[in-house]
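Quick heads-up: structures coming right below.
Look at the two complexes coming up: chain A is in both, with chain B in one and chain C in the other.
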Partner chain A sequence: MIRVKFVKIVGTSLKKGTVTIKYPYEKPLITSEFRGKIEVDPAKCTGCGACTRICPPKALYLVKEGDNLVIRYFIGRCIFCAMCADICPQKAISVSHEFELATDDIASLYEDIEHDLVKCACGKAFAPKKLVNEVIEKTKLPPHLLTLCPECRRVETVKRLSFRLLGVKW
Partner chain B sequence: MAMVKFLALNQKPSGIDLERAFKRLKRSVWVFHLNTGSCNGCDIEVLDVLTPYFDVERFGIKLVVSPRHADVALLTGPITIKAFPKVVRALQAIPRPRLVLAIGSCAVGGGIWFDSYSTIGGLHRVIDILKDMGIEIDRVAYVPGCPARPEAIIYGVAVLLDLLKPKVKYRRVKA
Partner chain C sequence: MERLELSKVLESIARGKRSRDILLKMSKVLGRKMRNVKKVGSTSIFVEIDRDTLPKVALLVLYNEPDVYFRTMVASDERRVEGVYKLYYVFGIDSEGTNIVLEVALPQDEPVAPTIVDIVKAIDWYEMEAHDLMGIVFRDRDLPRFVLPDDWPQDLYPLRKDVSIDSIRKNYSPKAIEHARAIEAEQIVKIPIGPYHPALHEPEYFELYVRGEKVIDSRYVGFLVHRGIEKLAENMKYNQVPFLAERICGICGFVHSTSYCQAVEDALSIDVPERAHFIRSIVLEIERIHSHLLWIGVALHLLGYDTGFMHIWRVREKIMIIAELLTGSRKTYGINIVGGVRKDINKDKIEKVVKTLNEVEQEYQHLIETAMGVPQVKKRLSGTGILPRAEARALSVVGPVARGSGLARDVRKDYPYAAYHFVSFKVPVYSEGDNLARTLVRVEEVMESINIVKQLLDTLPQGPISVDRWDVEPFKRGIGAVEAPRGEVIHMVITGRYGPYRWRARAPTYQNLPAVPIMLRGVDLADAAITIASIDPCFSCTDRAIVLDLAKGSIRTIPISYITQKGLPR
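After this line comes the complex of A and B, so read on.
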């Protein structure tokens, strides 16, 4: 009985052939929809932080280092959902097909994008330069208001309003 | 605290020739599957690697049921606080040289639970705690992916055994 079963298997396996893929020597099956590691184009990125807000595991996050703002991408926490690529207003994030990301050093799984910050007259660094330039270009607002930090802008607005409505100059 | 003392007493004197052991390990490794609170996504990918389609037994990789027979622990999941004592016991049972392959974004960096109350936040944070408990892990490889592809796991084993150089590198660019 056992011998009969064995003979049957030989027949079917001969018909089927080899199913094992020769992975290291053969390209794996990757479709065009496959989502791998994301790639941020530093030329297009303005540092608005929309990707860091949408990222479910916070694999993309903002770190303030003195006068610089760093968008840090930690591949080890990324779930490859590509929501950052969908949300990016500048279309700076693209999804690559890279999946061979294994490493023995956790530090090599980080990627940093460094942004310069705009300095207010009071000396406080508050927003990325490229983002402020982008806003100025799109909204056509006077640049001297947009290069003020939020607190200074509030004071400036009160000053202007009081001058216009009450005629009081500070 | 009692646990730490117990482990310190159980520690064997380290008189092993690690270099020689690693040379022997390049031939074939036996793996032990260690689930530490994973969602079973990565576990199914591990199972996929062992099927005839990917067939890792052609590399000599074999799944064993006891950590005492294993060379490598395939660690999946974010290492929950509830699972941590069991992880410690399983890793302690693996003889030196002790290798760990962290599979999936949970095991590597904590995944979406990295700052949750019930997890420690991935293997890279747990390693320091294990060192304090007297459990040396000789080599670690991290395989990101949610879940990691079967090919990525095979690639991770190659990186772990030092047969390949890892592709990813730390990058800092100015925008």
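After this line comes the complex of A and C, so read on.
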């Protein structure tokens, strides 16, 4: 006797019918938890750069352009892990469901968040304005010290200390 | 008197009867040459030995003990720390779940060690790789180029600490780039065609030597896409590496990130919350289900039963969707970090997952019954690609390959990690060693995994999903092992200040591929594809193979779909 158990599959096929969908005409099957492209809210971002330090593929990075600091997001490198959203102290980064990112224009894969820099008395631009303001607000340190670049701040501190302790004026 | 003290010390270090016996035996052979025996992490015992005593110890530890096998070997450049190169030979005691790690220091001006390839057959690739990447010479054996390309410069050993990625770029550029420069075509996109099919699968290359229909011997050329990720990771932070580790494999990536995290946690004694352990286990089992379903589908395809392939993959899709629901991504889940996981599971998700698993269970059972009822499937699987138990043991094979050859080796049972000691499950073992045995192991494992996920979801404890903080202590060693769908994955980490100082990942295929030539001996050419695929290598199947006909002396390259058809004129 020939065994014909495998013929049963015909029934299964008939019962199941078509299981594929007509993508892109129909909506793709993604769940609520899907991690897609990230969105950075420029209003909330202070330019601290925490995201650029954790980003495993370095899809987020800092660039200094003239007197501006740019946080650049290159989607081409992004692995959609959302570590940046986890780490952002301002909760400025959110994860979208967007994944249809193919393009023939590479420039559209870059997104920039620009920040004005604070200019020190010496003329050196050193840190994003919003970040400095945030620090001033949170730490209650004297603003005139925090608006100096690290180099000038060091000199200023030594000057003040030597005046207070030794009475020497530089 | 001295002997008595030593045995007392060993007693306190050993984790059980077996490790104590083995350590005592070693001390008898080595005497004073056995130094610095210490417990490391939760499963390992490190023993420092002289390089000259290595063959003696390897023979003793591995060959005379039935439950010991070779797990991995790590070469590490510790010249800046201790002024030496180090070799770590990791042997596992299956019956007790303990690692015995032989630590061998090699002076930096003479990084030479004796080979133990005659004793431990499985170490062949490890020694060649250590020579290629770290410049360690093994006496009395051939050390051909293995991982690196043939035109790689002499004396440039990329994993050494004094070789930076920049200096590698300066000293080596692939032939293709040189050629492009010569014809002034640097800006032109280069598309390499072959040795792999560029469309689908991963690059691999087998040369089969045949006489008539029978395969007589075979040769494997691999490492065509060696990506140097171990070097990359040395420049990354601890919590960035899991994402890199996950990209080692395109199908079972989560095992690598888990294994890496476990190695760091083991080294730094981080106490991971129970809920995180459960979530890791759940995701690992989901991954095993989808990986095995994928493999079963591919196997049916290679056997010419495409209907079964389609239906199995239809069922697999449901698993992919719940994987996304639990982690946020169908693949490369990205939820592992050192000290726990990033994504929690709620009640709603548990319900959905259980519902899907019940559906899948029912459909899968029905489909497998049907597929195994197809005469050609069973007939072509049984009796082909035999790996005898003795050879399997000598090569220290892992995973379904070991379990198909009668070795009940499963990291989940032998070295319980994550939440596996909270669940009950069977480890299917078949002793025939043929393709059917390996297939049935996987077929049954799918059912076991569905069962495990249900048990875990049922008993998921409350609590945090990761530790609040953990501190780094440099130059601690840790080992993490995970049972991947393809077999055991083992990672060793030596901690650095900001990221791993040395990270060694060993995937299961590395251990299993050397067994393929044995399986291929004497099989029909038409069964070569399923035999190679039967170890579930990290490439789904060979897309193209070269056929050398020894009788005719001809060489032809033919597509894989062609050789899987039996009885056709060639």
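Some notes on this structure:
Keep in mind that, in the parts below, the second predicted complex is superposed on the first by the 160 of 170 C-alpha atoms of A that agree within 3 Å, B and C clash if a C-alpha of one lies under 4 Å from a C-alpha of the other, contacts with A are read in each partner's own complex, and residues count from 1 in each chain.
Here is the rule we go by: contacts are C-beta pairs under 8 Å (C-beta built on N, C-alpha and C of every residue); 3 or more make two chains touch, one makes a residue touch a chain.
Please read these numbers as outputs of a predicted model, since none were measured by experiment.
Contacts of A:Lys5 after superposition: chain C is touched, whereas chain B is not reached.
In the superposition on chain A, contact is made by A:Asp86 with chain C only, not with chain B.
In the superposition on chain A, A:Thr31 makes contact with chain C only, not with chain B. Chain A has more of its residues touched by B than by the other of chain B and chain C.
Once chain A of one complex is fitted onto chain A of the other, the partner contacts of A:Cys78 are limited to chain B, with no touch recorded for chain C. In the superposed pair of complexes, A:Glu65 makes contact with neither chain B nor chain C. Contacts of A:Glu151 after superposition on the shared chain: neither chain B nor chain C is touched. Residue contacts after overlaying the shared chain place A:Pro56 against chain B and chain C alike. Once both structures are placed on chain A, chain A residues 19, 56-57, 79-80 are touched by chain B and, in the other complex, by chain C. Taken in their complex, chain A has these residues touching chain C: 3, 5-6, 8-9, 12-13, 16, 19, 29-35, 53-57, 79-83, 86. Those residues of chain C lying in contact with chain A across their complex are 236-237, 239-241, 243-244, 307-308, 311, 314, 317, 321, 324-329, 332, 334, 342-343, 366-367, 369-371, 373-375. Against chain A, the residues of chain B that register as touching in their complex are 52-55, 58, 105, 108-112, 114-115, 122, 124, 139-146, 149, 151-152, 154-156, 158-160, 166-175.
Every residue of chain A that touches chain B in the complex is listed here, in rising order: 19-21, 23-24, 28, 42-43, 45-47, 56-59, 74-80, 98-115, 128, 130.
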